[in-house]
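Following this message is one structure expressed as structure tokens.
Order of writing sets the labels: A, B, C, D, E and F. Residues in every chain begin at 1.
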Amino acid sequence: MNIENRYERGLAKLREIDGAAGQRVLDSLEDIAPDFARYLIEFPFGDVYSRPGLDLKSREIAVVAALTALGNAASQLKVHIQGALNVGVSRTELVEIIMQMAVYAGFPAALNGLAAAKEVFAQEREPDSVLSHTA
Amino acid sequence: MNIENRYERGLAKLREIDGAAGQRVLDSLEDIAPDFARYLIEFPFGDVYSRPGLDLKSREIAVVAALTALGNAASQLKVHIQGALNVGVSRTELVEIIMQMAVYAGFPAALNGLAAAKEVFAQEREPDSVLSHTA
Amino acid sequence: MNIENRYERGLAKLREIDGAAGQRVLDSLEDIAPDFARYLIEFPFGDVYSRPGLDLKSREIAVVAALTALGNAASQLKVHIQGALNVGVSRTELVEIIMQMAVYAGFPAALNGLAAAKEVFAQEREPDSVLSHTA
Amino acid sequence: MNIENRYERGLAKLREIDGAAGQRVLDSLEDIAPDFARYLIEFPFGDVYSRPGLDLKSREIAVVAALTALGNAASQLKVHIQGALNVGVSRTELVEIIMQMAVYAGFPAALNGLAAAKEVFAQEREPDSVLSHTA
Amino acid sequence: MNIENRYERGLAKLREIDGAAGQRVLDSLEDIAPDFARYLIEFPFGDVYSRPGLDLKSREIAVVAALTALGNAASQLKVHIQGALNVGVSRTELVEIIMQMAVYAGFPAALNGLAAAKEVFAQEREPDSVLSHTA
Amino acid sequence: MNIENRYERGLAKLREIDGAAGQRVLDSLEDIAPDFARYLIEFPFGDVYSRPGLDLKSREIAVVAALTALGNAASQLKVHIQGALNVGVSRTELVEIIMQMAVYAGFPAALNGLAAAKEVFAQEREPDSVLSHTA
């Protein structure tokens, strides 16, 4: 395994999970910290997300839970709510995960997480899919 | 649905997930805040964990991720690492979830989470089950 | 006591404390997580705020202090600054509580809390009441 | 007003609120950061706690709520639970404040706060006063 | 040493570090908590920043690191990124400090810190100075 | 550059900064998450700490500030207080950094940081070096 492969594997994983939003994060780093864009691809996505022992759906459940609980990274939470949808977590499951965080990080954290989910759901292409997902 | 059912449903769910550790938490509240023991049974377990839209395994993945990331509830994290094992999350999956938190809450949070997992795994009855679980 | 009473007692308490802002929070949940609106009414307001052992004024002092210190729920802090005013905490007392949080959570947390208070005070109907309250 | 007065006023206030525990904190700083002991007396106690606009009981309610919610200062939380008792907050009120934090910072924060309260209550001189206070 | 000197020393230090942004913070407090503006000058700047044992450049490195890691005070982080530039921390060094926080507080905290830095760098008068600073 | 070099460079840097304590962290991971030990060497130390744009002394100032402010990683804070000493930060400077965190994360965070420093200073081999360092 060499560094080029780590980068390429990470970039493919980032695109699989975060899609266009992941690319926007990378672009935003280009003029201020291009090496950090590389680290972001290599360590979280090339190393961690590419590991076999846990499926991507479970990984996104973990991230949405953690970012909802921490409550200080609204933008990244939205990227990962979309990422969770991209890898097969349903809207209903996302709402359940975020609601559950009321127990571990308080109601305000859960309310802010639900507001983030609402925004992401509304931006998705087919708005009528809301009904089928949350029904 | 009445309050008695909410309580009974919560108590059954608490026992299913947390086993003896859940009972110890309830016992510790008896002389200082017995009503809080009741709320703990009713709201997190009777209301939230009993909801259909997300399986218990995913719920425990969410909790272990959140408590590892928050990093200020070591005792509850250990209870839920055991709880996750109880509902079918493997040791390998738990280690993956906690390692992944390095990305979202930093390496110290992940290191402390791994230390908690190590302690829980060591306290389990059959220490040689480690091999079969992590294989 | 049955579930319906818990809900009704909570809704009355929510309206007593948060007024129109509480209703807006409930409304915002209607299309994404209506059950969470119910939990919000039942557990925090129906169970906790309705307990006898601590007066509402003290409860709101506790919440404003906690949300200022946590620093990651600006919207809920503003709702509770208004809630505190609604149950008899004066503007002067609110400013004192928030200033005091500089000691326990740092000056940035207190500065952000004061900015939230300033915004809430400015939105109240009688702006000239500021003078009489803080004098 | 001069610096000496600020120091003396703060030291008197610290002793009024925290008693022997406050002195132990000051003593612990003597060999590593004696100036910090002075700042602790002067700013929190000489400046903030000595202000008129909020009574000491409300100030201690605010601190216990904030430290319970933050969840990363168990030692200081215990000092202030005792401090709250010293200035007239009852055991029942303390338990209510801490329980309420489950709503704003999650159940683990409240459980850890209750454990701290239990420890402080047990260390008080008259253990049978628990019954009369919490009854 | 008397209180007037503490205030004057703090005001001079605040201006040296934060410049116009520091004054804006003080102005924003004038109508809601003028005493807090005084405390802000006296304790952080008159007492702490004026101490000899650590140079101002190191103090600003410490603040930018801490506020990036805490992640709940975006406005103050921006003031101190500018403050760090004012006392001689280079843009390259600031980017390094913030990137390093990914290790201790996670990638979202670092990404938000880099976004804050980008905003501050863009608002500086001579945009072409970016090249000379980061070269 | 290949992966082997990243690992070796990181291991050398970890040893330079953390010494024996770094090795103990790696050892503690051997049976539960050996890959995480490798990531810890490769990303924080092989990638971040090895970058040219910021000297090691400034990097340790940043870490001690951040971990003091976050307040939920006492063990790692102690490792980095020792690490800071190892790369040339003086005891006086460390005490100043930690005291300054009272401004940004509150007095309890600073008090806990000072307690950690006190413990590290006491464990150093030559206790009489305290005088020469803090003089």
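Following the convention adopted for this analysis, a residue touches a chain if its C-beta (ideal position, glycine included) is under 8 Å from a C-beta of that chain, and two chains touch if they have at least 3 such contacts.
Because the structure is predicted, anything quoted here is derived from the model rather than measured.
Colleague: Determine the set of chains touching chain A that also touch chain C.
Modeller: Expected: B, D, E, F.
Colleague: Among all the other chains, which ones are in touch with both chain A and chain F?
Modeller: B, C, D, E
Colleague: Rounded to the nearest 5 degrees, what is the angle of the rotation that puts chain E onto chain F, matching CA atoms?
Modeller: Angle of rotation between the two copies: 180 degrees.
Colleague: Tell me which of C-E and B-C has more C-beta pairs in contact.
Modeller: C-E
Colleague: Counting a repeat as over half of the contact pairs in common, which of A-F, A-B or C-E repeats A-C?
Modeller: C-E
Colleague: What whole-Å value do you get for the distance between chain C and chain F if each is reduced to the mean of its CA atoms?
Modeller: Each chain's C-alpha centroid was found; their separation is 40 Å.
Colleague: What's the distance between the Cα centroids of chain D and chain F, rounded to whole Å?
Modeller: Taking the average C-alpha coordinate of chain D and of chain F, the gap between them is 31 Å.
Colleague: Which residues does chain E have that touch at least 2 chains other than itself?
Modeller: As it turns out, chain E has residues touching two or more other chains at 35, 39, 43-44, 48, 51, 67, 69-70, 72-73, 95, 99, 102-109.
Colleague: Mind listing the chain A positions that touch chain C in their complex?
Modeller: Within the complex, chain A touches chain C at residues 70-72, 95, 98-99, 102, 106-112, 114-115, 117-118, 121, 130, 134.
Colleague: Show which residues of chain B lie in contact with chain D when the two form their complex.
Modeller: Those in contact with chain D are residues 25, 28-29, 31-33, 35-36, 39-40, 44, 67, 70, 72-73, 75-76.
Colleague: What does chain B use to touch chain E in their complex?
Modeller: 69, 102-109
Colleague: Mind pulling up the chain A residues that touch chain B in the complex?
Modeller: 43-44, 48-49, 51, 53-54, 58-59, 61-70, 73, 92-93, 95-97, 99-105
Colleague: Which chain B residues qualify as touching chain C in the complex?
Modeller: Going through chain B, the ones touching chain C are 1-3, 6, 35, 39, 43, 47-48, 51.
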